[in-house]
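A, B, C, D and E are the chain letters, set down in written order, and residue numbers restart from 1 in every chain.
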Amino acid sequence: MSLGQSQSLPAGSRMPRNLALIAAAAVFVAVWASVPLLASRGTVDLLVFTALYSIAGVGVAFLLGQCGIISLAQSVFYGIGAYATAYGTTALGWHWVPSLFAGMAVAGTVAFLIGWPILRLSGHFLALATLALATIGHVLFLEWDWITGGTLGVGGIARISLFGFVLNTPQRFYYFVWIVAGLVFWLYANLLKSRAGFAMRAMRDAPSAAMVLGVDVHRLKVQVFVMSAVVGSLAGSLFASYVTFVSVDSFGIDRAVSFLLVAVVGGAQTILGSVFGAAFITLAPNLLSKLGDIHALVYAGVLVLAVIFLPQGIGGFLRDRVRGLLNGSGRAGR
Amino acid sequence: MIRTKISRRTVLMGTAGVTALGALHAPAIAQQGGEPIKIGAVLCLTGPGAGLGQAERSAMQLAEKMVNEAGGVNGRPIRVLIEDDGSKPDIAKSKAEALIFNEKVPLMIGSSLTASTGAIAALTNGEKMAQVALTGLGPAIELTYKSLYHVLPPQPLNARAMLEYTKAQNFKKIGVLHDSGYGQLVYNSLREQAAAYGVSFAAVEKFEVGAQDVSTQAAKVRAAQPEAVYVIATSPVPFRGARQVRITQPIISAIGSSPYDYVRGMGEYADDIVFPEFLVGEDPEPHQKAFVDMYKAAYNSLPKNYEAAGWDALQIAVNALKKAGPTDREAIAQAMREPYRGVMASYNFAAPDLTGIELSSFVFSKLVKTQFTRLPFKVTARS
Amino acid sequence: MTTTLFIQSLLAGVTNGCVYGLIGLGLSVIYRGSRVVNAMQGDFSLVAGIIAYLAMERLGAPILIAFLGGMVAGAIVGWIVELLFVRPTRKRGGTEESFLLVTLGGAFAVSAAALLFFGRDSHPVRGLGGNELLDVFDAAIRVHAVWLIVLSLAVVVALRFFYTRTFIGKSIMAASIDADGATTIGINVPLMRSLTFLLGGAVGGVAGVLVSPLITIHYEMGLLLTLKGFTAAIIGTLGNPFGAIVGGLMLGLVEALAIVFVSSGYKDVISMTFLILIMIAIPNGILGHRGRAGG
Amino acid sequence: MTAISMQNDALMQVRHISKGFFGLTVLRDVTLDITEGLITGLIGPNGAGKSTLFNIVSGFLTPDEGDVVYKGESVASMSVAARSYAGIVRTFQTPQIFANMTVRENLVAGCHKLSSSSFLANLFGLPASRRELAEMHGVADDALRRFGLQGIADVRAGDLPAGQQRLLELSRAALAKPDLLCLDEPSSGLNAEETQQLRALLERLNAEGMTIFLVSHDMDLMAVSSTVSVLCFGEIIARGSFAAIKADPRVREAYLGA
Amino acid sequence: MLSVEKISAGYGAMTVLHDIDLTVGANEGVAVIGPNGAGKSTLVRALCGLNPVRSGRIVKDGIEIHNQAAHRRAAAGMGVVLENRRLFGELTVKTNLELAEHEGARRPKSAERFTFDGVLDLFPFMKGRLDANVELLSGGEQQMVAIGRALLLQPDLLILDEPSTGLAPKVVKSLVEVIGKIRSEGVSVLLIEQNVALATEAVDRAYVMKLGRVVGEIGPSEWKGALNDSGLAKAYLGG
């Protein structure tokens, strides 16, 4: 997977840089595939969550890194997906597939209807508008308990089954969810190196110049926002199918903040960065909790240090290192 | 009148437990040998549920020490692995995965909040292993989980306890001030059962969990001129708010609002508030006294319901391990399905609500000038 | 609906509005002076509340000394945050988001530290005038709440004076508008940024000691206060401290009236929808207007 | 006031535009023609309202009164992007380059209008989308050669000195195949030598058929204009050939100060 | 007055200035000219301390100032008008000037040349605009406020970075007059300019910079006719 670097490669560039890269990819795939066989079930479970959060997080990261939009509303779309799967498979008795797509459709529609007016705002106004959205979403999840189960939540959600093969262990889910995550990354990588991707980066650097070149800035922002909502919903649906239980506690402001952390800690400029960001927010609290009650304090400290010392996020840091190795110099377009 | 059926054996076990309590100051004579038996616990030690989880943890740690000093389980010591879920269900699920499959614990205790409990239950149910939840019954689906047991009453029972007291006081017109989490759950049950007790709600106002000012809602309740007010929340804020807008009527609350944390936060407004609960540390019932004394000796503070629940949960786990051995998960779960008289209440996990707590287990306390007193009122079980 | 209820809700709206406004004021002070959206603003208040509480309950300090102590504590924390968090971030080329994130991390840290060292309890803090109530027709308001309203307005007036009449105030403004330009006329820009945080911390501290007697102090209160304060500051135009109070009052009143006229469950839905509508209708905030694009 | 005759060959007609901010009138009844195929200049002292007029022409501002007619149709209510598609492209007083992209990428982004693939096609990386991207790179490579930017093709645009940023912005604008190219102070920050190069470039673009609307203080550069209008305190005070304007006593008084 | 000895400076890994030497004498007007990218603005930023000097010395009135913090250099008698003026746009003209006046008051009495009213006399338009926000002024007016602000620091050396950028010819002409008046008060002027015509009228001699180095000096005798001397122009500015 060389998706993180793709933005600077012209389309026509030679596919395999050299054999080493193919070898590295092969090793990577081998390691990836063997993790569930070697690691403990608890660890694999954390890696499943890493994948889930990186799917939802990449939507936030892309908005932030390519459009300059801070979104704190991802928890709403994540929730919509989760409740669509919960309600669809329990109350309506649907298969998981239509439930999942229904969630994505609802999330996309909501994002469109809300994004259209609020995406005319910018900077902190927009950040606050999305925060307001997250608050509204959380209240509605609580209030509409005939769908969401309110505080009690919804249990007994159908697990994902593929051709009769039920994904009822973290190991099984691991392969599935990472393949889905890979597809999402692939889509975003496509977008980044396409006409729309150039338009976005232009819009981020100099919006008025982008408009002069014919970019419909508002429309483009709405498209990316809807896209982000759809992948957020996808992640939420997968989450619901995996845990088989959802409650409103999973879709609060803190979850929205943690998705933003995925983007910032991972590095909003790179697509694969969100994997590192997701790994950070999943693994760090888990590892640190061994320290006892002080763990929350240490986590906050680590977070602060990460933001200060890795302003481009972990993804940006690694990308610069890799570029340095490949080009012999670290200086290149961001 | 239905007497709770308590088997002779359980009484014996209970006595053994109390004897174990007495061993606190005795020289440790645990002739322990062999590998410790691990018990998994996921609690809300941080986040909104921390008030519950930390109380439960302190009692569980005390119980662990007591059990080990009294010789452990069939000669083997126990070790309680307590993990913090940060009050988040997804973290609870991950922690439970690690405990169940990495540590291979034979049973689970926790969590402190309904959502976390539900997330763990999806796992324990699949493994057919016992989970002693420190919550009341969650979503309806849990009724189909046959190894998920609750040591706290389900909300309909809490509601009935409140209504019983209300009826005894002859209040008919009630105002309700509740939060959107715990308070909403209790209120939902109140609403369903109020009519049966001849109680009607004149005003029902809600506020979000974590709200810091509820005076407008309280004013609305006051404007309805009720005879008494139900305040149900996991925070002292609404109690202060109610009194600050001059709601002078008696306040009747629920068990979830009773921890000392909240009462301290109420300051001098902690007055004329009634709680249907299970343990009044200042004036315990006879079977609770040993636990209260021991807890006081260990922590220099009084225990309350959640401490008692944590204690009972671990004692139930230990009893089952003694009976069914440390490995067979299904047998352990089965062994728990017998009536048990704990410090907090008498349980019967074979009951349809997976709790078996009766109204008669409730005690009623009243805050008078920041001090708890136990009321003579008791619900005598009716037919 | 009774008149009493209406008045009571107005009183609650104004009191809460001042609370939101005070937090927003601190946010605006810091944003104005350093272009940092400070997610720790509510935590300055938390620290101040804790210090005031400890001073009163553990040391037996008189209430005014304790409040002063809380304010100073807020100011010191503000300064430390600038030195420890903001300055290094700036040095490493932090973006607007990284300032937000670094202070958010700081907010988590303060909250976690409060839980660890101060405990999970809610602590009631004594207020000015104790728990005395004042009658307004048939409605009641805490004497302390009246003090809160009066002192909030006093803080606004003092800040206005500070920014428009004092040399340091003007220098802080100058340094934030154009750091290089300010440097060339002899203004010590880094010092001005530190002072900005000191000031923002002090405002947060004032907010903290004034708010704690009304709401009790609790380790998680910081971020909640920040969210409301941020909303107030944005409605009233971020960076305009006087707007923050206006924004806060609007937010407080909308919330109170939403409870009375609609439903308490949907209070936040209504106030947040109102916020979004306001922003769409008046994108620069109610007191905001950018300079024209002249020729 | 010089009489302004409406010409039939006007590509754009600015008609009776007025605009104010906060009660301050910046433009008052401004009428101006931009003749197809020629270079039309606009000069005026600082604060005369040139930028405001420019923003109205390009769609960043809407006039309080009056109309902007382009190719015979009103564009007053069209968005910036829509006007761009109609052929109106502008540059900015401070160059608006895409700082975090390389020079080549700036030019690829400049091809936005020449391409048409949809968001979804881009998302799924459909063959059409990939083909189109290759074409965009081809066009950008051509432009690199045409405007002499090969040497700095892979430099991050934000790292370029001001003069090259201007050249890049102009090249990018020209790449978008405008019918009407509006340039705002293009020689600001350039030295005499660079200004000469710019002038030659403008003449070349004009010769290729591009209509140019030029705002500048630079009288050397302004010499390329066929007609020049003078805007002073929100009103057009003179219009004519460059030589005539230079000699006009009112213009000398208001603008040249001699 | 000012002596710059072999200074180097830059950003990050890039060195922009290489071994720059130049001097400005008492009551002298000196220009630095050169194409874009020559490093002229970096030179200004190094002189006033906004960019650290990597090697070499900056000596003013016999005192080394290159290690002084940037905000202290005004006290050494150095007044700077940066490129793009860098005013406090949301503050009034009066406040912009007062902030500098406050700093200027720290200078020894002997150095005081400009009073607040004196500056208003120099730029009469300001009298009516004192309470206007600076951002509402025209570009030329803003330039004058920036110069007035620098003068109130009571400098004996005024550094102007590209003051004519974006100004109408008439305003540029008045700029020449203003610089003349300032010099007549005994203030040395270091003028960084693209506009050679302006520079030749305003100052006495010039340095030519290219690619971060001083590549030539033009003495007073050649300087006045430099604009018309195509050979000179070509040698220094062209190719």
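To be clear about the criterion, contacts are C-beta pairs under 8 Å (C-beta built on N, C-alpha and C of every residue); 3 or more make two chains touch, one makes a residue touch a chain.
This one's a predicted model, so the numbers in the text were calculated from it and none came from an experiment.
Enquirer: What chain lies farthest away from subunit E once each centre is taken as the mean of the Cα atoms?
Expert: Using the mean of the C-alpha atoms as each chain's centre, the farthest one from subunit E is B.
Enquirer: Need the most distant chain from subunit C, centre defined as the mean of C-alpha atoms.
Expert: D
Enquirer: For subunit D and subunit E, what's the span in angstrom between their mean Cα positions?
Expert: It comes to 32 Å between the two C-alpha centres.
Enquirer: Between subunit A and subunit E, tell me the centre distance in angstrom, where each centre is the average of that chain's C-alpha atoms.
Expert: Whole-Å distance between the two chain centres: 51.
Enquirer: Taking each chain's centre as the mean of its CA atoms, how far is subunit C from subunit E in angstrom?
Expert: 43
Enquirer: So how far apart, in whole Å, are subunit A and subunit B when each is placed at the average of its C-alpha atoms?
Expert: Here subunit A and subunit B have centroids separated by 38 Å.
Enquirer: Could you list which residues of subunit C touch at least two other chains?
Expert: In subunit C, residues 112, 115, 265, 268, 292, 294 touch at least two other chains, as defined above.
Enquirer: Mind pulling the residue numbers of subunit A that touch at least two other chains?
Expert: Within subunit A, the residues that touch at least two other chains are 139, 142, 293, 296, 331.
Enquirer: If a residue has to touch 2 or more other chains to count, which residues of subunit E qualify?
Expert: 138
Enquirer: Over in the complex, which subunit B residues touch subunit C? Could you list them?
Expert: Subunit B residues touching subunit C: 46, 48, 50-51, 54, 180, 205-208, 210, 212-213, 215-217, 219-220, 222-223, 235-237, 240, 244-246, 260-262, 264-269.
Enquirer: Help me check something: in the complex, which residues belonging to subunit D touch subunit E?
Expert: Subunit D residues touching subunit E: 43-47, 93, 161-164, 185, 188-194, 217, 219, 254-258.
Enquirer: Under the touch definition given earlier, write down the residues of subunit C that touch subunit A in their complex.
Expert: Touching subunit A from subunit C are residues 37, 85, 88-89, 92-98, 100-102, 104-109, 111-113, 115-116, 227, 230-231, 234, 238, 265-266, 268-269, 272-273, 275-276, 279-280, 283.
Enquirer: Would you tell me which residues of subunit E are touching subunit C in their complex?
Expert: Residues of subunit E touching subunit C: 48-50, 69-75, 79-82, 85-91, 95-96, 98-100, 102-103, 106, 133, 135-136, 138, 149-150, 153.
Enquirer: Hey, which residues of subunit C end up touching subunit E in the complex?
Expert: Interface residues on the subunit C side: 167, 170-171, 173-174, 177-178, 180-189, 291-292, 294.
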